[in-house]
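In what comes next, chain A is part of two complexes: it sits with chain B in the first one and with chain C in the second one.
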Partner chain A sequence: MSQRNLYRIIDDNFKYIAIAPVIIVLVLLVLMPVGRLFATSFTEVKFVSGGLLFNPVGFINYLTAFKDAIAARALLNTTLLALISVSVEVVIAVVLALSVGYIKRGNTFFRTIFIFPMLLPPIAIGVMWLMIYDFNYGVLNSVLAFFGVRGPAWLANNMLAFPSIIIVDIWHWTSFVFLIVLAGVETLPHELSESGRIDGATELQIIRKIQLPILRPIIMTAIVTRTIFAFKVYEQIYLLTDGGPGNRTEVISSYIMRVYFNENRMGYASALSVLTLIFIAALVLFFYQLQKRVFNERGGKA
Partner chain B sequence: MRFVKKSVFITMLLLTVGLMVFARGSTEQVPAEGGERLPAISILINESPWLDAFRKIVDVYEKETGNEVEIVGNPYSALLTRITNTLTAPESEFDIVILDEVWSNQFYDGELVACLTDIDPDFAFDEGVIEYNWATRWDHELGTNAESGKIYSVPINGNMQILYYRSDLLEEAGFEPPETWDDVFRIAEYFYDPPNMYGMVGRATGRPDFGLQAILHSLGGYLLDYDTNDRTWDVGINKPEAHEALDIYLRLVKQYSPDDYTNFGQAQMISLMQSGRVPMIYTVTAAAPNFDNPAVSSVAGLVNATVVPGPRPGEHAPTTGIQPFAIPNNLPDDRKQAALTFLEWVLQPEVQVQFGKFGGIVTRQDAWETLAEDPKFWWAGAVADSTPYAHGQIRVTVGGRIFSVLETLLRSVVAGDTEPAETLRRAEVEIHTIMEAAGYVVK
Partner chain C sequence: MKKLSLPRILLVAFLIVGAIVTLLPVLVVFRTSFQYPRDIISGSLLFTPTFYNYIDTFTSYRFGRLLINSLVAASGTTVIVLAVASLAGFSLGKFHWANWAVSLILASLLLIQMLPPVVFAGPFYLITRQLGIYNTPLALIMAYLVLQLPLSVLILRQFAMAVPNEILEAAHIDGASNQMIFSSISLPLMVPGIATAGLLSFVFSWNDFMFAVTLTSTTKSMTIPVGIANFSQDFQVLYGNISVAAAFAAIPGFLMVIFAQRYVTRGLTIGAIKG
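Let's look at the complex of A and B:
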């Protein structure tokens, strides 16, 4: 084959050659592990004669998952945590980002302060909040004791443990949403706001009628990304409550961890992981559909 | 100038190489006189308070024999995963792995660890070694740990529950160390003065069954009982003794504890004792040195230990939580032999005493008795007295799963989410199902 022909073949198939590295990486790093997870979910894994035996069990692991009350509770807790914390985070982050956007001087200082929690490792955050919430020696109960109030067991009380975890999650992740929304705020076209002011609109009206509609796609992206992260919550549960009291703060990641590592039920843990994956994928699709509908309702204007 | 630079460079290079050769030569260990140098071995072990003592005893072994040992510490939470990975690899990266009484049986049963008499047909434990209800052996025919089973591991960390108490407070109040559960409640009631002082705390999370088992077995109950005649298992978690045990357990965990008792695990119990706000707890032997360290304990020199109480004096059942060492089966013979040589060495009476003095939790009765003569090891006498009563944990391959079920249910009953009777009924059903699914014949 002449060099010319070779160049020609390359040229004709360039789109396939260009996309090949992406396909290879996708297959090796995403599809193969997920495929393996999917295959394991239809087996029961046993140690036999010095090795692992993958016994096919059909859909038994999936049927078990649908009847598993703790898995259901863990999924409900995770969904509630995601819904509540992401909603609160978005509201706080938008308010903070718009406020910082209005500050002409020294907004770098506020930006650094507000993104600080995101920079901390989850272990440090867990330890820090343990010291705040501790029943005997915690900062929170010490402050309450100063005012003559006997503080509760924040992480061990049936009613308070879950809200306490949500507060930590909000504290940790609001900075992430803030950073995304702030990027949008900084690109807002000043001309529109100025026109509004000239037309006599108040600042609140400018925010509500001009800035927020422009920011909507960015906020939506932040919601989707944060929801996916929220479903992965593990470290703060492990460090603060280990799923207790009872299983009131058990989340799906901590439950899968327990099933896989403590009980060594690899097949069942894989089935739970696949179901979680499907659940999150469905949720993300729902958000995208919602975003699309909002976009269409506004006549294709963001 | 260029020549000078080149000369300096060459001199520096030669000096560096020379120093490296010298350093290597000086650290190279010489085998003991007449001894044969064995291949270097590596040991996978969990990071725990007694790891430092283990490092020290390994140093002694290296100096004495000239053999090299590498210790790889791993957090306990990820230990099982790492062990599973290494035992199922084509060849293990470690020569010795630490197991846990709760989940070692699955590796014995699947022969992922080597039978020690296959490595050395003459291998046997001498009578001084405590085998903790045969936790080191597995009878493939019976499907449980039994004296008739093959030896798969060597006990290295002989953790067992003992009751720690504040000797100063009890003496001042005129109490003897508690011998019965009633004694415990009397003492707890006397000292209970929240938030300054609590009466008793129990293990409500992180294997809460570990606390319950000592009560259940002391009352003559059981989680699982094996009838070797008809080879059937009986689930005892819903029998009258279990109901009585759960009642005592719940009182211990809740009645005289801080308000955050639902999140109390072993670490929190030890911490409260160290802070001087509880007069007694029962937990593992490995906790003892924690109370003597003035840097972290306000009760250094004020704590003593005794056998975990029972319903009546002399009726005790402290639960064991031992960690044995095993040799992976996926190793070449010379590495297996080198690993076994180390394990045999560490079980020698004088080595065990030395290990105990370093802070290790030894596994020889004679070593505990020797240590008990030294007041510095105030807990050793309690361990020596506890050994005859020691009760092992579940002896099946699905221990991890059963304890996970019990953890969920016990946490739930402690939190008040389920009634005690319903908790035990559900535990019975779930354990029954797990056992049958694993192929056991259950009554």
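Let's look at the complex of A and C:
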């Protein structure tokens, strides 16, 4: 084949040639591990000299998973964390975004600060809060000591550990919801709010009756994305509580990582991962349908 | 000029409180990094600033090596992501694809993005061991491609779509091949998109901890986040060193929000909404 012919062939099929790399890379790098995960989930992995031995055990790992109280606890904690932190994040982020939209001066300054947390390494965020929550040297207990109060062990206390983790998550991820909602706030049509003002509406009425309804789809998108992302939570838990005390802050990721790499029960951890995979895929599908229905209703009304 | 009403004052007060709450944890770490270990323990507000922790972290713990490892893994990922995603973005954004094909590709990308990385950690550990690339930057790059490609393709598709068709058609009529149209006409016009996807890929790969801790084992390829975790041991936390490491880990995100905020906002909005 001459070089000229090759050139022509690339030209004629460029559409397919250009998309091929991403498909090859993702098919290899996603299907390979997922296939591996499925295969491993039906085995018990033994460490023998010279490597790993995969003993087939059928569905035992899955049966174990459904009777595993810690796994149930991890799923419950992750779901609670997702529900609580996302609700709080949305409220704070919407108020922050509307406020930043209102002010003229200092707009960029506040925007920069409020976006910052989500660009930090999660493990560094863990460090920050470790220095705040630390029982002996933490900022929080130092401040309390200043007022003569003996602060508790925030991360080791049965009652306080989970709320403490939720606060970290809110601090971290409000930034993401803020960023998305702000994108909507910045495209709000001024004419509508202005005509509301001329008709004598108060600022609060303008926000409730005009701006929030326009922002609803974007807020909805932010909630959906954030809720699904909340199931990824790991690093802060690893650094701050490692799932403790007594599994009270255990989440899906921390439990799977522990079972896989610390307890070396790779087969069982794989089964847990497969269940997580199915659960998240179902969640994504559910939200997608929900969103479609909401958008259609809105479209129908307009 | 609007008069200062009560709601307005409340609003600004709310913003200032929000800013303080956001900045405080960052400042705590920054402050600790300049304190002698004895000052950290004393808990007093006054202290003599020092570079002791910085010097100690670099000399006693080979932190420079971790810094280089982080740079290699993050930039390696970014280069590959950009090459692959700009081609894919161009193909999806500028050629006609059947509806089902586009939906299938976009839905797959979104789903991959939504999956918790933990489901990949175990299998990637086994696979990289088998391939003999465990504990090398290549293992990390492989994992980061899965995490960063979907968003980058979505971003670059949007930017490719914004390239005016007239320019491409004119080039086509002049006899330019598709590969020439891509490399000499589209690519230069997609530079803001390439910057957006590149910066986000770099920062998020740099920030990763889960794969760094599972796919590396020694300072040969360990990255900064793993170093941070190692400074927090079972019985004591090396607060001085850990704060220095955290400060360095935060640099890319910090630079990005200061100097490239437009790109961050644009890119992440595309990822969440337009996909």
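Assume the second predicted complex is superposed on the first by the 262 of 302 C-alpha atoms of A that agree within 3 Å, B and C clash if a C-alpha of one lies under 4 Å from a C-alpha of the other, contacts with A are read in each partner's own complex, and residues count from 1 in each chain.
The rule is simple: a contact is a pair of C-beta atoms (placed from the backbone, for glycine too) under 8 Å apart; a residue touches a chain by one contact, two chains touch by 3 or more.
The structure displayed is predicted, hence computed values, not measured ones.
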item: Which superposed partner A:V48 touches (first chain B, second chain C, both, neither); value: first
item: Touching partner for A:F135 - first (chain B), second (chain C), both, neither; value: first
item: Chain A: partner with more touched residues, chain B or chain C; value: C
item: Chain B versus chain C as contact partner of A:I165, first or second or both or neither; value: neither
item: Partner chain(s) touched by A:F261 [first = chain B, second = chain C, both, neither]; value: both
item: Contacts of A:I123 with chain B and chain C, given as first, second, both or neither; value: second
item: Set intersection of chain A contacts, chain C complex versus chain B complex; value: 52, 136, 261
item: Interfacial residue positions of chain B with respect to chain A in the complex; value: 77-78, 80-81, 84, 87-88, 103, 106-107, 109-112, 195, 204-206, 258-265, 272, 275, 277, 329-330, 400-401, 403-404, 408, 411-412, 414-417
item: List of chain A residues in touch with chain C within their complex; value: 7-8, 10-11, 14-16, 18-19, 21-23, 25-26, 29-30, 32-34, 36-37, 40, 52, 92, 95-96, 99-100, 102-103, 106, 108-117, 119-125, 127-132, 134, 136-137, 139, 142, 145, 171, 175-176, 179-180, 182-183, 203-204, 218, 221-222, 225, 228-229, 231-232, 234-235, 238-239, 252-253, 256-257, 260-261, 266, 269-270, 273-274, 276-277, 280-281, 284
item: Footprint of chain A on chain C - complex, ascending; value: 7-8, 11-12, 14-15, 18-19, 21-23, 25-26, 28-29, 32, 40-41, 43, 83-85, 87-88, 90-92, 95, 97, 105, 108-112, 114-127, 142, 145-146, 149-150, 153, 177-179, 182, 203, 206-210, 214, 224-225, 228-229, 232, 237, 239, 242-243, 245-246, 249-250, 252-254, 256-258, 261, 264-265, 268-269, 272-273
item: Touch list for chain A against partner chain B, complex; value: 46-52, 70, 135-136, 150, 152-153, 155-158, 241-248, 258-259, 261-265
